[in-house]
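Listed after this line are the structures, all set down as structure tokens.
Shared between the two complexes below is chain A, which has chain B as its partner in the first and chain C in the second.
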Partner chain A sequence: MSKPTSLFVIFFSLFVMSEAVFEDQVGKFDWRQQYVGKTLFAHFDSHSQSSKKLFLATDKNIFASFNSRTGELFWRHVDKAGPEGTIDILLLHGQGDNSGRLLRSWDTNMGGLNWEAVLDTGSFQAACFVAMQDTVKHVAVLKKAAISLHYLTNGHQKWVENLPDSDTVQYQAVYSGGEEEVYVLGVVPNSHLTIIAYSLEDGEIIKQVTWSRTLCVVVGHGVLMCVDTATLALYVDTLVCNRLYIPVLVSSQPHPARSPISEFFLQLGPDHHVLLQLNADGYTIAPLRDFQPSDVFPPQLYVHAFLKKDDSVGYRVLVQTQDHALTFIQQPGRVVWTREEALADVVTMEMVDLPLTGTQAELEGEFGKKADGLFPMVLKRLSSQVILLQAWLAHLWKLFYEARKPHGQVKNEVTIETLSRDEFNLQKMMVMVTASGKLFGIDSKSGSILWKHYLENVQPNAVFKLIVQRTTAHFPHPPQCTLLIKDKDTGLASLHVFNPIFGRKSHIAPPALPRPILQSLLLPVIDQDYAKVLLLVDDQYKVTAFPSTKNVLQQLQEMASSIFFYLIRSDQGNLSGFRLRKDLSTERIWEVVLPTEVQKIVAVNGKRPNEHVHSQGRVMGDRSVLYKYLNPNLLAVVTESTDAHPERAFVGVFLVDGVTGRIIHEAVQRKARGPVHFVHSENWVVYEYWNTKSRRNEFSVLELFEGTELYNSTVFSSLDRPHLPQVLQQTYIFPSPITTMEATLTEKGITSRHLLVGLPSGAILSLPKMFLDPRRPEVVTEHSREENLIPYAPEMPIRTEWFINYNQTVARVKGIYTAPSGLESTCLVVAYGLDIYQTRVYPSKQFDVLKDDYDYVLISSVLFALFFATMISKRLAQVKLLNRAWR
Partner chain B sequence: MWLHVRLSEVCLFLQAMFILACCFSDMESGPIATSGSVQPNGDRFKIEGRAIVPGVKTQDWISSARVTVEGEEYIGFLGTDGSFVVNDVPSGSYVVEVISPGYKFGAVRVDITSKGKMRARLVNFIKTSEVIRQPYPLQLRSSGPRTYLMKRETWGWTDFLMNPMVMMMVLPLLIIVLLPKVVNTNDPEMRKEMEQSMNMLNPNPELPDVSEFMTKLFSGSKSSSSKAIGGSKASGRPAVKRRWCQNITCTSGLRNYCNWSCHGNYNAIFKKSFFIRLYNCFLSRVFFPSSEIQVCK
Partner chain C sequence: MASVPRSFLLLSIIPTILILCADFACCNTGRKTGDGLDTDFSGFSVPLEHSFEVDDVSRFRMRGALQLRGGRETSVSLSQSQLSEEDRNTLKEVAAVDGLYKIRVPRVSLTDRQTERQMDGYLTAFVRACSLVESHLSDVITLHTDVSGYLIGVSIVTIPGACRGTEVEDEVDLEAFNTTLTIIVPTNAPQPETALFIERMDIEHEKRGKPQEQKSFFAKYWYLILGGAIFLMASSSAQPSAGGAEEQQS
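Showing the complex of A and B:
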């Protein structure tokens, strides 16, 4: 009797609401990779030989501790982004870090802050530890016009002294050799060198020496090398370089209380380093070892040389190459680990479907071709079935073979050759473009980097746009991605065409683009090779098509009158719409001017082209239908006021039709300022701003409806919509600032939508769109209950169960990318910033697939039990009947 | 006249209230004005405080935690003892939060006047001017670890047995099955007592004769059962069913699972099938609650 009931219990448990990640799902579909950025300073923990700590300070204002054996992070501190958080120098003596205006001391074991001291204003020059009798007690900080000494224990200032003649002398280095003196080196360009010795006790100037140039070696006039014979100190300074390469000296001073060790590196060329030793007599230099790092890019080297037990010199080298890869090399030139730090600054990304395997493609081919008779079709079908059977047997054999191996040896190595699409298209290729110009292909399932390609000669201020021109769906043709690289200042652009699966550059020659590019648009038109056509508009409003074959040009001519595009000139507050002519010139058809004295255009966003909307309307409580205003050409334009005064600041949202230029709606939020984050999708716009009056973040949602009747239900045309849509709006308080926002996306748009909100804490909140519904009633009525509307509450909840990345925080989330998978319920999410986090979300639960905790054992045992019970009872009944008949 | 005076009084009072409110709002808006335009050389202040996670060593959580002031506008780091200082903060009103992926901390609003006077209060985004003082320097105590993950609902026999519906079914069954064995129903005195108690429970004689049915059932008319079996063999089971259980119907209400009215003699078949029917009936009530289902006719 209990068996059917238990079935029912299971049946019900399927409908139990589950929002969060389950405990056993941790790390199952998701992964995180942590990065720190390009290294500016690196130090080896040289307290003991066995120490495996490595300290880095990077251009992303991060101070991190690494495991030098594996390259994994111990801990990491993320300071403010931008110039205010810049780390000027990193010193190491058990603890220490120095940051512009703030001097911080860190505990390297725990990663905690020891103290923080505020320095006087003035541009920072140099800093060093000052030691006395083998113990380090002070830190000297050299500013442009002053030198100050701080206690190492608590950061308090011991003394501060103005530097003499600071307006003429450029003070550049500070040094202490373990005596009770602090030396400051100053240079008067092309004249002489000044060395000032300060007393450690009270900052009194003990002696001041002015050297003429002759004592210092100036190579070209690029590098200034000075050897202080009194203290055995070696000063290297790069002034202005006009030669191709200047030899660089790298020395290491293991302990501030002692002199630098006499072994040092001389970098002779981009790929040529010599380990030298200053002999005991102090004059001659003997070469010890000549070695060349493997990388061809001019690297930045951090060398840790140490004396081994047998008095030979050992070394560990940290190489920072131009493509932001960080490589750790040990003694015999062995690469211990490599970190791709370029991924700390992902600019844009796309997810590309993986290709089908040969067999899968074969099967697909069967459906693609036109029928060529009954008999060949049957044969083809049979052959494909045989292929399938073969593949299945091979799979079984592999399983069997692997099961016999010891457990540890079985590894599922993902390589580029074994890549193939999985059953539900959940595994994809992530193509990531980084600011340094390095492209990566990452497997979305494991997070392993499958290919990388470094684009040389990319300007540091380049803007990237990644376009998927051909997906993997057109089998014999390889998929094709195009990266548009545009110089921000000149606007000159170039195209890089590549295969997103293998990362190889395509043989297709991209068109030459002599003029600055203003706008690029991907048309749904495809050429005979199934590649979508990319249109590039230059500053003379001339259009270049890529690919520009005859077929494409002909198609463009036919379609020209229905191709519209828009241009934004935010510096002029100008938004204009254009139409393509038959000769590929353009004509302006509308223009919207938002006066720049009052407000400036911050962002313009259309809808995503791959978005599907399943339902045309919403069924209301009284069974009538409220139709959505689904204008595919709608643009959301966000403006901010130029007046920053909290009483007069405002944020404006304009909804403009991109074809006609008609302003559909205009919403102005008074006493508000940016940064505005917004999402434009389906028939709604959600935006977030800062309310200056109440000092809080607010979410506002705009939803557009056509009303209860649809004007033209078959096709939407911007040119034929006489009625303006009804606009509903509601605003909510959000109890946290946000850094970025995106909406989930699924294959067919049936699944309900969630907003993915990146918070500064590094969490990614999955907020149901249901909470951002302008129809949320203040008073609950029968109808609203019927519609499942949540009653209005001013404050939006933030529940930690809604954090899709649980405790795997993503520092400085810059963007969230969502992609549909083959399952309607599942949306793939990649959050990138300093870290990269990939996961799957199920906004409406997993309704189309069995859950991963589905109890197969119970179900099958119940079924078997029932089966046997019926068998036995049948038998018993037979026996009973027989007995009765005999009676 | 009196009314007029009264009204003007009210007006005055309102005016006074309004002025008061203005004062309050002025006091509030003081810091905002300065926060809007930060002079580069204006006075900078520091926010101090201490964060504690009870029962956890500081080294286990501080390396991943930091202090944010108004989003990421100003950032402070936690010291080895959990204390923190955020330097270089101009006057204004800020929400100070300790962010740790592992532990929950409440946010505090800190107001700094242009002269550097500090005040900490609870964050209230709805009533922004409400002041509930908090200690300054800040004392932020973690309210425990964050719960990100959900526990799987595991299926165990105890959960199943402790399910109220199952309890409701199983307990009466146990009583029905076990009671006759414990109580000797053949004893006439006992039977009388039971009848009396049943009547007390069910004083209305018009209602379905549950007591009668029960007692008769318990008396276990074994003599008649064999006869009935013989009868059923002769006439086929459906006929018997139709005779004994005319209509077991399910009606609404949880307590009142099934009403029945059966007439005539009881037999073993009925005794068996009755409970199955009763159970079916119950199931249908539980799992298809909106419809009234006639289980048997």
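Showing the complex of A and C:
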């Protein structure tokens, strides 16, 4: 009795496998990279010689500390995104401050917050430390209309004073030279300059001077250097500048208690700097060096000079270049490390299969070539077999050689040369496009950057679309990716064609695109070189094909009447469909208009073209089949009402056929507003919105079914589907807001689907689609139990073991990309935002993989034992039979 | 090649004008009667136009008039004339070259009559001409409105929808449209069913609770407690006498 029960326990425990990772699996299949963004302020920790800390504040509202030896992150503070969290200034003196609306002090060792002080409203102008007798005790903050002094130890305000005439005078700088006074500098444009000296003790105005000069900094011992923008002249030594450029002065003050250095920079043009020195008399200026435009100045440069032990000057330089790379250089011009901070702002990405190895390619090539007689074919086959044998022997030798080495030394460095597809196609090339216009090729297994390519002249408001035109599957032809770069304002676009494995620009010349591009579509049509055809529609509805060889044009002419595409003008609420004509012009065939007075289109999503659906229907409890409505041309259009009143606001979901323009379904979610996140796949749409009445986030799922009979089971055509599908919908409460959403994708679509939900906390939730099923019954019946439907519960659970990134949070998740692998059970996931996180998910567990700790010895010994037992028993049986026959 | 469509064009213009004239009159009368009868939910009519050309350049002409009736119960009806001889021939030719049969209706609002004139533009839909011919002009036209009663889309399908290349008997089959007309308003997406769920939970709770009846401690063990109490009382009533006896003894 006890034996069967224990067997059952084992049996069930196999099913109830843990979904989360085990401790020893951490970092085995996943990696995370943390970034901070483009540096705005940088400071070296100059406190002690051996300090290796580096402090940065970036445009992503992040305050971080780096190890200056390795470039690794010590700690990082991610502030609110957007203007709310903008860091205005970063001052450093033992403690770091960043201020805006708030003044904060941080501990530089641990990154802990010391204190936080709320400042009065008013636009921030400048801030500085105030020192007395070489000790820094206060920090002065200059606002548009007031100056305040705070204690550095606890942030309490010592005094605050209103600035005189603040409506006319623009106060620009605050300065303290280590005395008992704080100087504030104000400018009335084209008129005069005001200097006010405040007493450090009680904020009383000691003296007030006006001066008829503008744009000033402090150089030397309390001396002002001024540039008059009207005459473009420098005070004292007149330097006439011919260019229309407002000269900028740059000076440095190494310690708040001492005077600034008397050498300073005058920037005359975007790349023309003059190093000047204020002479000891305090009135004359001598130019030291003129940096002509040929001496290229990077956008930002932070120099830290120090005295070495032998009294020679040493320096360290932190360089922020235009492509958002952060480079740290030490004395003899040695690059210590480089951080690719462009990856903090990934816009779009694709995963491309790696190419085959040389030997595999050789075999492939054999099949690819045309047959030229029996004998050469045999020879070719033999030669390729020899090559294969060679490669195998080399592999064995390498294994043997490495086995003798100590374990730690054997480390497979991934380089671009050794890249090859693995057995299950789990390792891929991640092609990432960043907002700065820099492209990266990253190995998905290790996360190492294998190639990078900076596209110059990319506008900051450019929109990118990455298209894989040819995969690695067509061997002698290299894979080909095309990046469509479109200026958001003008709509003018350009193409960048490159090899996604090596990052090299292709020699294929992209077509010139003189007109703004409205739409791009990748056709399943391939040219003679196996590249898919990309169609670009311009604002006159003319179509440009790329590649546009004769072969392609001929194919397009033949297929023209069956090539349909749609255009969406969200500003006019207009959706329209077009058909291609034989002469590559187009005709408008349908039009749907959603009046913009009522609702505006916020998002449109089709299905992913590489998605496979394995089963056509669902078997119900009564053994009948409910067929799915699998329309590959279906578009999900989400609208939001223009009326923002919580009672009248709504979110509209339209399912429109992209070929015929037929509205398949039209649903309105009342008392709801965005931001709406949604996923459209297979026969379902899942969307998430904010319920204004109940003040909570809700998930809704729509599923489309054809019914119990298929209209035309062999092929789906949008032109021949007269009956509307049945639409089922259910809504659930979700206990958290979300930032992004995507569905898992596998090779053949057999594996059940999960939704990957990026939460603001940085966690990525893998939510089984089973929970989002509109057929979840309210009342459990025999049939629903048979179908394994979960009874309806209004609240969607969040279980912590569903977090696929355990404690590796991804800050500010912007997008999740999923790609199938060679294993049906496995889906590759990349989450990007400020950080990049790559992992694998197994929505239906690893049903096609043996576990790591699979007992090969046991199974083989059992097999052998059984084999020998059969042999022996057979022999015994024979002997017995023989004996019986003799008897 | 080019001369053929041109001659057709000339032929087809005349009947179009005629139909247009007829339908404008129809529209006018429709409005007048509607205004006279009921001011709130008055019906009004909009033209339904169609286009089918061999060279696929849209030239819309009148097919019929849609009688729309807004308000709480939106309803729609269609009055349309028969296809002329020329139209029938053109349609068959268009079907032969796999051309498209397009229809369009102007953008109107079913509820708000003021904005009707302000909106310009049309809503267009199409169906393959061959399927229209093969289905003997039996089509289903659906009008979609949004929450505030604006027409946002129109769709046309034929039943059956396939083009099998079957020959169509002439004249009788292609004379009159056999149109099914529907108007679809957006459905309200469901809210989370919390009330029902809680109700169901309560019922389940009750069901589970019934056999045990969740009696209170006292209700369950009253007899024991009572028995115990009686026993205690009995013993305590015996004790004082004993105690008293002791006291007396000391």
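Just so we're on the same page, the second predicted complex is superposed on the first by the 715 of 887 C-alpha atoms of A that agree within 3 Å, B and C clash if a C-alpha of one lies under 4 Å from a C-alpha of the other, contacts with A are read in each partner's own complex, and residues count from 1 in each chain.
Operating definition for what follows: contacts are C-beta pairs under 8 Å (C-beta built on N, C-alpha and C of every residue); 3 or more make two chains touch, one makes a residue touch a chain.
All of these numbers come straight from a predicted model, not from anything done at the bench.
Undergrad: Of the two partner chains, chain B (first) and chain C (second), which one does A:E23 touch, if any: first, second, both, or neither?
TA: A:E23: touches chain B, not chain C.
Undergrad: Figure out whether A:Q729 sits in contact with chain B (first) or chain C (second), or with both, or with neither.
TA: After superposing on A, A:Q729 lies in contact with chain C but is clear of chain B.
Undergrad: I'd like to know which partner A:F424 touches here: chain B for first, chain C for second, both or neither.
TA: neither
Undergrad: Report for A:Y530: first if it touches chain B alone, second if chain C alone, otherwise both or neither.
TA: neither
Undergrad: I'd like to know which partner A:H645 touches here: chain B for first, chain C for second, both or neither.
TA: In the superposition, A:H645 contacts chain B only.
Undergrad: After lining up the shared chain so the two structures overlap, which partner does A:N807 touch, if you call chain B first and chain C second: first, second, both or neither?
TA: Once the two structures are laid over each other on A, A:N807 reaches chain B alone.
Undergrad: Between chain B (first) and chain C (second), which, if any, makes contact with A:S700: first, second, both or neither?
TA: Second partner only, chain C.
Undergrad: Tell me the contact category for A:L102 with respect to chain B and chain C: first, second, both or neither.
TA: In the superposition, A:L102 contacts chain B only.
Undergrad: Once the structures are superposed on A, label A:W337 by its partner contacts, choosing first (chain B), second (chain C), both or neither.
TA: neither
Undergrad: Of the two partners chain B and chain C, indicate the one touching more residues belonging to chain A.
TA: B
Undergrad: Would you mind listing the overlap between the chain B footprint and the chain C footprint on chain A?
TA: 733, 794-795
Undergrad: Contact residues on chain A for chain C in the complex?
TA: 561, 576, 579, 581, 587-595, 598-599, 650, 652-653, 656, 660-663, 665-670, 691, 698, 700, 712, 719-722, 727, 729-733, 778-779, 792-795
Undergrad: List the residues on chain C that touch chain A in their complex, please.
TA: Per the touch definition, chain C meets chain A at residues 56-58, 98, 100, 102, 104, 107, 119, 121-128, 131, 140, 142, 144, 146-148, 150, 152-153, 155, 157-163, 184-194, 196-197, 200.
Undergrad: Can you list the chain A residues touching chain B in their complex?
TA: Residues in contact with chain B: 1-2, 4-6, 8-10, 13, 16, 18-24, 26, 74-75, 77-81, 85, 101-102, 104, 107, 109-116, 118, 644-646, 692-696, 733, 735, 737, 739, 760-763, 794-795, 800-801, 803, 806-809, 853, 855, 858, 884.
Undergrad: For a test of understanding, state which residues of chain B touch chain A in their complex under the given definition.
TA: My answer: residues 32-33, 35-37, 46, 58-59, 62-64, 66, 68, 70-72, 74-80, 84-85, 87-88, 93, 97, 99, 101-102, 104, 107, 123, 125-126, 128, 146-153, 155, 160, 163, 166, 233, 279, 283, 287.
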